[in-house]
Amino acid sequence: MDTFVLLTLTGLALGAMYFLIASGLSLIYGLMGVLNFAHGAFITVGTYATWWSESKLDAIGSDPLRFVVAAGIGLLCGAVLGALVEIVLIRPLYQRHIEQALVTVGLSLALIALVQGIWGPTERIYPTPKWMYETTSILGAQIPNDRFVEIAAAVVTLGALTAFLRYTRYGLIIRAGVENRAMVTALGIDVKKAFTLVFAIGGVAAALAGVLAGVYFGSVDPHQGTSLLIFAFIVTVIGGLGSITGSAVAAVAVGLIQQYANYYASSGTGDLAVVLLLALTLLVKPGGLAPKVAH
Amino acid sequence: MTEPAAPLLSVRDLHVYLGPSHVLQGISFDVPRGGVTALLGRNGVGKTTTIRSLMGLVRPRGSVVLDGAELNKLPTHKIVGRGVGYVPEDRDVFAGLTVKENLELAERNGSARYDLVYELFPELQERAEQKAGTLSGGQQQMVAIGRALLNENRILLVDEPTKGLAPLLVTEVARVLEHVSETETMLLVEQNLGVVRRIARDAIVLDAGRVTYAGSAEALLSDPDRVRGLLGVAGGGAH
Amino acid sequence: MRRALGIVVAVAVFGLLALVPKVSLDTHGVFSSELNSPGTLQLLGLMLVFGGVALTYDLLFGFTGLLSFGHALYFAVGVYLTAIGTTKWDWSLPKTLAFTALVGLVLPLVLGAVSLRVAGIAFAMVTLAFAEAGSILVDKNPHGWSGGEEGVAVAFQKLPESFVGVLNTKNLYWLALAYLVVVFVIVNWAVDSSPGRVWQAIRENERRVEVLGLQPFRFKLMAFVLSSFLATAGGVVYVLLIGGATPQVTTPSFTLALLLMVVIGGTGTRWGAVLGGVVYTFLDNRLLDWSDSQTIQDLPKALRIPLSEPLFVLGTLFILLVYFLPGGLAGLARLRPRRGGVALLDEVTTTPGATVEPEAERV
């Protein structure tokens, strides 16, 4: 029983990270039609920016506070990077979606290689605050505290995103744009700003996933982002491109299935199961679970 | 008939290619200030494409001048910002948004004319929190027209507003459009000649990507042979 | 007339390539040693193999408009089955090759039939899913067959003598060249044939093909199987060339590399992809060596670090290419005045059956 609880919470924690990445991917594709392969680079930048700034913030005495500030810097880098990518690389290509996607591929390769060049390909230890390594007892199982942090982060992000989409003007524009971008412009709205905003949001969420991945794995390496990205893509597609709720549901499903199957069946089966789930979902519902996109 | 006042909208030599197809082959026409100008023609002749090029949703070659300012080459949202209201052919309301949100989205500056919209379409106020995707065709049409009327426009581009509507609703829509046309200039694409006869002052006919008639609507519609020749219907066309 | 010229040029180029192992030429750092040294011949062989494999991908993507994220799977099948068959299963080479050929035909037939039920992004994702499954399977190392991270070395005892040993690298080079020639001929013949014209018609407008009474599914499946089978063959040559199978060839990054090759070279041209494969492989291998050179090492840190990472250079080059040369290297030669091979394929990502937006929206 306690193994089950541990598996469940671990699955939810992983799912949390997938969700954070998938939400950005989903919004970007839903609104702009761009498959942002550079998301992997956003994750990596978030992780490394946090790790690097943490080592420079000796002035701050308290460990947890230093970590939080470093994480804040990491998130800021994610947002700035996201916005820059959109303005400099994506926007000039107007609606040429394949070229935009290709450019993100190139960017991903270049950025990750750059990170590798600067800090080397080997893993670096992550400055996780000690209390996250300690465990709390839940239903007889010893759960490492970081799991709660990841789940909490995802829940907060989900709440914030949903509120943003429902109650703000830009949220309204994005929701409408995901359905029918042309009509939004036909109402006199300049969607360019919404595009940049959505990329910045994606950048922040991915960076947050990066920070949490460092905590979860205890270390960082340049390719961590890419390995998470594949499953995040799968989550995005299963959930339905353009749907935040879809991503959330799919993320939970994928995270749990992965953990259960990898443990109860055999190592690797979970990953296989997820992949098959993707194939199955698409064959039954090509638009994913919550198809809303008119692209 | 000579128009003493300068036209509100002047279209010159508009060419549009959709893929390899040369859909609009250099059309030119004027929309006079005030009242309704009907844009007529058989199915597939390029009426919607014309409207979409005025909106910048399709990029044409040629000149589109509204109140002295060139609109062509501007991005769509800037064209709309110059005071162009749009009611698209298939309504294109946002299904996932509520009625109220659909209207809110259309707000352009501080002065949204909710009073006018709710006066014309009281039902929209009642169904404010209803998701637009669950509305009937007629109700969606109200949303589509309502959001175009939310702002004061120089010109309203309306594309087949009565398409697929029951007779009672057609009359209703015609009544609303007539009321609106008292204060706003309208370019109206319509297949229903009854509606055209009721509210249009001028008419432009398209055929094979060119303008084949431009003049008084009444003069056109009172001549059944001409109507048949230009539009292929035996004059009248419904309610 | 142009066809005849094309054939003459192709024959001349292949002829020259065949002569390379006889030419002892100092390459002045372009390669690490002389032109016909085993090391250089092996790299050249790799370049030729990937030229061919890239062309198989172009058949799918550039000509038929099918964006697959899982092409690596079929290449990997060729690589791994050859290695596993001769070692873990202890089969003879001919038996292994026959089995590999069989799988190379049946697997894409089955997986293609399933994947092609959807189109656009969904299709790309399903192909990715299958390739990922393959990658995971290799990682899991069932029965110890795939060797997991370490991979599997080819059993040299099973190979004909002429392919074994450093001195015989030139034979492997000729094998690679033969592979490229065969793929080149087959692909060119195929796209000119009547199914080939249907493929290109499908890429342009699938609806219209349906309306004409042809069933796009059959033709798409044909293209899928042909391109995958040829990729499997490429995998066989590859594993012979480098002596063993490694899991790198099963990853999505590998398919991505193929995509890069095709775009660099120019999609939908008959030789653009080949050039792309050749150039990419060359840069990928040589950039690392060049970055160790004194000139790069002497540069200030801000320049040295990025330039020492081959993928950084490739990635940046790729971005610049997409911007300034969307037709790829073939676009430079402007053999075919097209709307930028990649731009034409934007329609691949629209939902199936949707009408194509004819002009770019002004946003």
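Note that the chains take the letters A, B and C in the order they are written out, and that residue 1 is the start of every chain.
Heads up, the rule we're going with is that a residue touches a chain if its C-beta (ideal position, glycine included) is under 8 Å from a C-beta of that chain, and two chains touch if they have at least 3 such contacts.
Owing to the predicted nature of the structure, the values given are computational and were not obtained by experimental measurement.
Of the two chain pairs considered here, A-B and A-C, the higher C-beta contact count falls to A-C.
Legend note: the chain whose CA centroid lies nearest the centroid of all displayed protein CA atoms is A. Centre-to-centre spacing of chain B and chain C amounts to 52 Å, using the average Cα coordinate of each chain. A separation of 44 Å divides the Cα centre of chain A from that of chain B.
Inter-chain centre distance (chain A to chain C, centres taken as mean C-alpha positions): 31 Å. Across the assembly, chain B contributes 57, 75-77 as residues in contact with two or more other chains. Residue numbers of chain C whose C-beta contacts span two or more other chains: 360-363. Annotation for chain A: residues touching 2 or more other chains are 182, 185, 190-191.
The touching residues of chain A, when paired with chain C in their complex, are 33, 35, 89, 92-99, 102-103, 105-114, 116-118, 181-182, 185, 190-192, 195, 226, 230, 233-234, 237, 241, 266-268, 271-272, 275-276, 278-279, 282-283, 286-287, 294-295. On the side of chain C, the complex with chain A involves touching residues 67, 114, 117-119, 121-122, 125-126, 128-130, 132-133, 136-137, 139-140, 252-253, 256, 259-260, 263, 305-306, 308-312, 314-319, 322-323, 326, 342-343, 345-346, 348-352, 357, 360-363. Of all the residues in chain B, the ones that touch chain A in their complex are 55, 57, 75-78, 80-81, 86, 88, 92, 94-97, 101, 104-106, 108, 147, 151.
Of all residues in chain A, only 172-173, 175-176, 179-180, 182-191, 292 touch chain B in the complex they form.
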